[in-house]
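Same chain, two partners: chain A is paired with chain B first, then with chain C.
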Partner chain A sequence: MAYSDKVLDHYENPRNVGSLDKNDPNVGTGMVGAPACGDVMKLMIKVNDSGIIEDAKFKTYGCGSAIASSSLVTEWLKGKTIDEAYAIKNSAIAEELALPPVKIHCSVLAEDAIKAAVADIKAKQLAKETA
Partner chain B sequence: MTQSYFELFGIKPAFNIDLAILESHYRKIQSESHPDRFVNAMSAEKLKSMQMATLANEAYQTLKKPASRARYLLELQGITAISETNTAMPADFLMQQMEWREALEDAKATKDIAAVDNLLNEIKQEAKSLNSDLISLIDEKQDYGSATDATRKLIFIDKVCADINKVIEQIEN
Partner chain C sequence: MSERQPIYLDYSATTPVDPRVAEKMIPFITEHFGNPASRSHPFGWTAEKAVEIAREEVAKLVGADPREIVWTSGATESNNLAIKGAANFYAATKGKHILTIATEHKAVIDTVRELERVGFTATYLQPEPNGLVDLAKFKAAIQPDTVLASVMLVNNEIGVIQDIEALGNICRENNVVFHVDAAQATGKVAINLEKLPVDLMSFSAHKTYGPKGVGALYVRRKPRIRIEAQMHGGGHERGMRSGTLATHQIVGMGEAFRIAREEMEFENARIRKLRDKLLHGLQTIEETYVNGDLEHRIPHNLNISFNYVEGESLIMAVKDIAVSSGSACTSASLEPSYVLRALGRNDELAHSSIRFSIGRFTTEADVDYTIELMKSKIGKLRELSPLWEMFKDGIDLSKVQWAAH
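Then we have the complex of A and B:
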């Protein structure tokens, strides 16, 4: 199967690969997996006190489309509020990367990773407020 | 075609099957439907034998591997174990997956074949325990909900094993 140029670009030069300190109260972690193919994805976001995402890192073990989807969203996430991040749809990721129908689930994985990371940071914030 | 893959091979639908019997029944169907036997047959008969050979192959590939056999058994119960839109897995399981992946990356970078072997053994152990869980959940307890979870885990584990074997090949060459 032929990958689009954008997928190849992210696959060959993935942006923001790595981890943030998961114990940092300002860091949210989202981990998801795709049982259809066994791909796993970890997305970490660092949110400042105004609720803006300052940094995002990912680690994805999977196919080129899964890596490209997560690399792309780390670029999109920086500068966004967590609510804006939560609103990112897999269809936008799939469209940007021109993913073929059989690879749409990779963009679903990336969307779910964002939602999981946002849920994690919200849970941490809530714990801080009630502490 | 309402016959299940199990019925095709004349075996009882179960997770714990005798692979040797599965294989011998498969070989029998393959030889009976081999195109060489139908050289002088009518085209309808030829077509039928070809369809049979294709079906038997598909059925054999599905039942041979534990993960796809479990997935198929769940399908027979009307359960779709693998939905592309369901990406939620237990956090500790995904954490373990990440750790294995990271360990594999390190071992690959340092060409540490012993470390790769250890990892493979650890993961095979996990696969084995999921296999015995599936025997109990599907064949004995008919607990298809828990069986779905175990099947999903097994698919991830198969993927890691396949990737580890690729790394072993790369290191050895």
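Then we have the complex of A and C:
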């Protein structure tokens, strides 16, 4: 399979690999996928009090395109508001990485991971307000 | 690291032609070009003589009579000829059931499936988790109408060696024709068909340092086994396989099998040392699983799964070595190896498997390089893997509720 240069670059030099403190009230975690399907992505975002994403980390079990998709979104997320993050579409990820049709699901999974992380941080914020 | 040529560790896929073999072949392309079936002039006689010397060499390696060797285009054709040929010949007197093993090569599985399509029935027996066939289960799977059984001597993916003698005896007791695919076995395990209760055996040249495009089928004479020809024409090879013989290919196979006979003992000892070094090196990596029995196994093969690492990213990581993987990397629907699935390996482990196969030209430096490469790449991919992190945190991944997609 021929990978685009951007996929290879993210695969060889993945950005923002790692984890944040999942118990931190300002950290949202999204974990999507399943081992049996060959992809699991874990995305963590840290949001400051003004609702801006300060930091993003990922870990991905999956093919090169899945690793590249998650690495790319961690770059994109930093500095965005959570609403801007929520609006990121898989098509933008697929286009940026020039993913072939059989790898589009990797970009879908990355979008799902963002949405799951945002949902988690919103749930945490809601819990904080109602506490 | 990336400036190096990939190291070839895929000898079970194919082997290079030994230079001594190539040298023997060349005159039969240019100079001695005669048709071995031409009986009326020296061009034909020279070619025929070379073909018969090669036939003797193939027969000698496996303890057969040269008259029991039929030339084919390779093991796939040999398997087709043996299975279809014998099943069709004996169906009327014995029955239409075929017994084979779920981990056979596709050239056997698909041939049996084709026979199912034309009215035969078949059993694809599951091997034990170590890849070996349980003799009692094999015996129990034989039916009164079982006409033929087919079991490979050495498995192509996991290298395990089946107990052909015991399986053959069970077939004899039940009057079942016994075919053995030995494509992966020649030059690796000793074969003596004088003693082995085997009726038909398939061989390939290119797995044993001979050229691609040639193979042979052993057809027992005493007691005589009959097969229906699948290729019709000039009646070559005693009518069992028509078609002008590929003299140069056949000469190559003969020379390759001669070298195998003379050198296999020494060569296998050397290869075993290399394989054991590779095994011990890779076993220092946590959460690795050898697929298939280690004892009943050719020394050339190591099939190993690296847990918590996804198969396709693994193959991307090891592009500096030429190996084969259980996962079909080019399609969206990753299909794990059916052989590993038949051993009961879960999808993740089946996906993250690599088959290393070592051969005549593998060096100790190749093995050292491979061990270091695997250690560093597996380490890197696990750093990236959320599953590895969860495993390290003591989470039982089988109990996690995954959002399947």
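In this section, the second predicted complex is superposed on the first by the 127 of 131 C-alpha atoms of A that agree within 3 Å, B and C clash if a C-alpha of one lies under 4 Å from a C-alpha of the other, contacts with A are read in each partner's own complex, and residues count from 1 in each chain.
Criterion: a residue touches a chain if its C-beta (ideal position, glycine included) is under 8 Å from a C-beta of that chain, and two chains touch if they have at least 3 such contacts.
Given the structure is predicted, the values throughout are model-derived calculations rather than measurements.
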| item | value |
| --- | --- |
| If touched residues of chain A are counted for chain B and for chain C, the larger one | C |
| Touching partner for A:P14 - first (chain B), second (chain C), both, neither | second |
| Touched partner set for A:I67, first chain B, second chain C, both or neither | second |
| First (chain B), second (chain C), both or neither touched by A:V32 | both |
| First (chain B), second (chain C), both or neither touched by A:A2 | neither |
| Which of chain B and chain C A:H105 touches, first, second, both or neither | both |
| First (chain B), second (chain C), both or neither touched by A:A131 | neither |
| Contact residues common to both interfaces of chain A (with chain B and with chain C) | 31-40, 42, 59, 61, 105, 108-109, 112 |
| Touch list for chain C against partner chain A, complex | 308-313, 316, 329-332, 334, 346-348, 351, 383-389, 397, 402-405 |
| Chain A to chain C touching residues, read off their complex | 1, 3, 11, 14, 17, 19, 31-42, 59-64, 66-67, 101-103, 105, 108-109, 112 |
| Chain A residues within the chain B interface of the complex | 31-40, 42, 59, 61, 104-105, 108-109, 112-113 |
| Touching residues on chain B, where the partner in the complex is chain A | 81-89, 91, 93-95, 97-98, 101-102, 152, 155-156, 158-160, 163 |
